[in-house]
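First chain written, first letter: the chains are A, B and C, and each begins at residue 1.
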Amino acid sequence: MTLTHIAQIAIILLALLAAGLSKPRGFTRHVGEYFALLLLASLGMVILVGADNLLLIFVALELLSVSVYALAAFDKSSPASAEAALKYFLFGGMAAAFTLFGISLVYGVTGEIRLEAIANALAAKPAEPIFYVGLVMTLCGFAFKLAAAPFHWWAPDVYQGAPTPVAAFIASSSKVASFYVLARILFIAFPGARTDWMSIIAALAVISMLLGNVAALVQTSVKRLLAYSAVAHAGYALLALLADPQHAWPALIFYTITYAVTVLGAFTVVAVAEQNGGANMRDLAGLSRRAPVMSFCMLVFMLSLAGIPPLAGFFGKFYVFIAAASAAPRLGLLWLVIVAVAASAISLYYYLQVLKQIYATAPGEKTAPLAPAYFTQAAIVFMACAVVGLGCFPSLLLTRITAALTAHPF
Amino acid sequence: MKLTLLTLIPLVGGVLTLRWGRKAALAASLAALAFVGVLWAMFDSSATGLQFVERASWVPSLGMEYSLGADGLGLLMLALSALLTPFAMAASWKIKDNLYFALTLFVEAGLFGTFTAQNFAHWFIFWELSLIPAFFLIKLWGGPKASRAAFQFFLYTMVGSVTMLAAFIALYASTGVFDFAQLSKSGHPTMLIFLGVFLGFAVKVPLVPFHTWLPDAYAEAPTGTSMLLTGAMSKMGVYGFLRILVPIFPEQLKAAQTPLLWLAAATIVLPAAAAFAQRDLKRIVAYSSINHLGYCMLGIFAATPAAYNGVVLQMFNHGITAAALFYFVGLIEERGGSRDLYHYGGLRQVAPVFCGLMGITVFASVGLPGLNGFVGEFLIYQSALPQAGWPALVSVLGLLLTAIFYLTLLQRVFTGLLPAQWRHWPDLTARERWIAAPAIALMFALGVYPQPLLRLLNLS
Amino acid sequence: MLAWTIYISFAGAALLMCLPEKRPAAARWTALVAALAGLACAVAGWMACRQSPNPGALVDLVNKAWIPEVGVRFHLASDGISVTLALLTGIAAVVGILFSWNIEQRAKEFFALYLALIGGVYGVFLSFDLFLLFVFYEIAIIPKYFLIAIWGSTRREYGAMKLALYSFVGSAMVLVGLIAAYVVAGSQTFDLVELAKYPFPAAFQNWAFLLVFIGFAILAGLWPFHTWAPTGHVAAPTAASMLLAGVVMKLGAYGALRVGMTLFPIGLHTWQNYIATLAVIGIVYGATVALVQKDFKFVIGYSSVSHMGFVLLGMMTLSQIGLSGATLQMFSHGIIAGLLFAVVGRMVYDRAHTRDLGTLQGMNLSKSLPFAAVTFVIAGAASMGLPGFSGFIAELQVLTGAWRAFPTLMMLAALGVIVGVAFTLRAMTKAFFSEDAAARSHFPAITIPERIGALTLVAATLAIGLYPRLLMDVITPSFNSPLMQPLWKGAGR
């Protein structure tokens, strides 16, 4: 099994979960189209991670993106949904243009579109300035997809405005796919330009971590909070790209997969809460009385995002930090790790605010117990167990990743 | 085992008192007295060194040992404490709280422990632990300003204790032992360490200028506690000088001799002058206590063996007379409702026995030959004058002042016109006479025949 | 055997979550049984250590591979220091539950969080893999937050968040230091014993030590990072305050000692004097500020800062006697702080509903709550460092060590002791022994669980005060073990 297989399996499972947990009848009549678009997006992701040339990558990326733009608009009764989709489409279109332009410049310089061939071509001749332009433009395009600052502006509106299951889908599996393919491009196609793209990635990481965490501090809508937290987490994940390849891959994959599971679970809880009141912080007050099991799962998800052991989020961050710190030269990137740790410390504040509402605040007028569908509850519990399990026994996933890496190195 | 047993008697007695009341307390204190008598009989006055020695390992890595022993000095102090406690209890019989008597017994346990300990850590426990019962005794059953007095008492003493502790820690750090005997042989302490330990005892004695806590504390405390405070607890300070300071810091004492002698002189003269200006009966006696202990300090700083004998005698005798004085003053306060000197007059006419017995006590305190106060002071001056010169001469002024204020006190209270309200002033009841009797008897006995005590001391 | 303390606590917490909602009695008995079982294991561990021929040696409890990709092992071990602190945790856990016997609202969640916290604490004291230690250290943060935020009193949400954030920032600092150490050592292991052998370069140690030590010391209440402590203690419910001051602050000190000082001895020597100065400032500052407080609980909160200063000072003396004293002070203060908070929080505040010293003065508590008054007198005496109680022996050792290393600081610390006497006396007289003898309030009697809890704590502090060898026999040899050898190099003591 190669790493790509692992990524694809993860993507498919996450997509299935997201699909199973959405209740499109709640916000649209076009149920069939909804699932069709979901499947198309998933198809896009699966191809994306498996593609070995830039053009196919672009096509798959577009398949994914266009499907998701449409999905974001699916709630016709909500103007926020339409606005979100429009913003997403406009931003996304621009980003796609950037990416395409960048790819074409790279083609122009190297004459190749296959990733390994690009690397060989670049190694053969000295680098031209135009190549760097292409590199930067490609990276910016991908940064958009990852919701890395300063290309993240679509994220808060989309996460909040789109129907919650769609937001969950965007937040989870597409992150896995996007990070994976970015890593492939950087490590397979551009290994020689490492010193150049490292500074860009580092800058993106720092801005994402700081901006994401600081902005999340003042949010009152849980979905927007999750959006900014996604920006911050993109920052942490980008750190993994700065490590040496043998550490970078496991760190990145572990981090993105566990993050995706966590955030999918969190969004599902939010969706349930939304159906029974609202998705602002105030609406979550006293949730622990009305839905104790779900609240506990939300506790798991929030703390995992904050990076509290023994949850998966903690080990993910820990592994990323170790990987970054071990990158040659030894401790050279320690300053970046320090920034990341500090940013992570700040984040505890807003995650605790959510949990405070759920556990400590007295409930509002609604005190009836919540009774979500069996499958939803089971799925949430399953995801929480996965987060705890992977946090306590990360080797379960790591051994497979390292085995795949050693068996089929890049 | 015997000394441990001795200390346990008031400790256990105190706990039992909480359940069984004042009579149990009195019984315990009398039992302790009897036991001390037994120890006295068993004591071999011809042997040097400590007797009834008990040693047990406690925390060897820190040099802390459970180490007890008694020599003549220790035995005498034990006797004093054992005598005064039942006296104090009898004087407080009107107080109905069991807690009061239990606390008094705990103080006695603290006294016993302090006077027998031979290792600093062991000694320090009892030194400190006697503070808490004393604090509560003053605070809960004292006069109107008792809270502040108790607070001051505790805090001042603690400052001294902490300084002493710090100094002993420094001593331990350089020698590795806490044992008094070993320290006196091996220690080469510095002046700083000496000052630390000195401060601790100076506050307790008290030496001027560390005495400001005392008048309030003694005046506000209930009668029985005042008796114990002045009779026994103040002697803890002097004992500390003799047991710890003199053996361990002889060079420093010698080096600082002159300023110390002047301090002693100040302690003799200034409180006596202050007593002269007081109107509160209890405060007069309180100041006079400081003055009497000043003679002890003079003797100690003069640093001759004969002076030491005088010091110990003075300690014992002052304990008895001062306690008796507080007892009588307490009786006056009880009958008259006030401690004001000018409130009374001519009581001799209605209470001749009272006047007589109190008069004897006062004269003993002044140091009339034939009564016990004289011997100690005489021995001290006999040795101090040649050694100490000018300070000793100045302190003679104190003797004079003491005589003046005490005679004034007697005159004001007992002679002169009898105000109408006191026409029916009750004389001493039979009970009160019996309570005072042992003290009065001792005043005569020791005044005329101090040999038994001196024999004990000469070899310690 | 000792490792079971951790498992039982977490199992107890999980079990509690499954109990039915409205049965507080079931919750408290379950919790009590779990805590007693944990205490039994801790006592067994302590007895085994005392009887072993070499009490200071490190005894491996569990050592299994866990995450080989990063060289993390599930490694639990104990030496005399761990055993002492585990014993403290056991006692504090049981007594805390006894003092929370009256919690009715959401009892099962309270006790579940409580046991989770205890489990985390046990874990820290027994972990010898740095990753594992860190995991347990962080696990302890979240239950603290909820215990205060849900069941606390004054400004509880603010106090809880402040505590959580300070702890988290401190642990963030530690994390950076640990990652750096791991990378520099390059041996792909997080095992403490292995890493302690690695000769980290001096320049690296100088900043790594500071990062790790300060990171841990924040939780220990090192001045000036102590500000979370008074607010947190006051906001917390009684049992949480008892645990916070009694045990959790010791987590910080233990971490500083076990990780910071053991891994980076050269860095330690560089910063020794500065940290000792900060410690003494904490002693004096804490005591002085306690002297002017109007809120009874704030007095105790600041007194905790002052007492922890002694722990930190003892650690900086780099002498066996100072370090032994610091460890003993950790135990002693844990017991005494527990007792003080129990009286102030549970006995007085729960009944009188006020903590203001002025108001309490009018209530004549010595007559209406005599048990509380006597307990506080004993606790106060112990807190002052009066001999016969555990604090005296601990402070004696710390001051002795301090005299050899920093004579001036030692004298300042002695000054702090005096101020300590003053504030304790002031609080005691104001709260319990008012002048107005006639006024008498009527309060519910002190319950049996409270009495048992108080007596247990009093017995503990008396036992150690009168016979310190109970603990000294396991603590002092631990500082001779091979793990501690690097500390003495260059110290010559």
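A few notes on this one:
By our rule, a residue touches a chain if its C-beta (ideal position, glycine included) is under 8 Å from a C-beta of that chain, and two chains touch if they have at least 3 such contacts.
Just so it is clear, the structure is predicted and the values come from calculations on it, not from any experiment.
Within the contact network of the assembly, the step distance from chain A to chain B comes to 2. Of all the chains shown, the one with its CA centroid nearest the global CA centroid is C.
With every chain reduced to the mean of its CA atoms, the largest distance from chain A is reached by B.
With centres set at the average Cα position, the gap from chain A to chain B is 82 Å. Averaged C-alpha coordinates put the centre of chain A at 40 Å from the centre of chain C.
As a whole-number value, the distance joining the C-alpha centres of chain B and chain C reads 43 Å.
Multi-chain contact residues of chain C (touching two or more other chains): none found. The touching residues of chain C, counted against chain A in their complex, run 17, 66-70, 131, 134-135, 138-139, 141-142, 145-146, 149-150, 157, 161, 164-165, 168-169, 172-173, 175-176, 179-180, 182-184, 186.
Per the touch definition, chain A reaches chain C in the complex via residues 250, 296, 303, 308-310, 314-315, 318-319, 321-322, 325-326, 330-331, 334, 337-338, 341-342, 344-345, 348-349, 352, 355-356, 359-360, 393-395, 398-399, 402. Interface residues of chain B, counted against chain C in their complex, comprise 58-59, 61-62, 121, 124-125, 128-129, 131-132, 136, 139-140, 147, 151, 154-155, 158-159, 162-163, 165-166, 169-170, 172-173.
Chain C contributes residues 321, 377, 381, 384, 386-388, 392-393, 396-397, 399-400, 403-404, 407, 410-411, 414, 417-418, 421-422, 425-426, 429, 433, 435, 467-469, 472, 476 to its touches with chain B in the complex.
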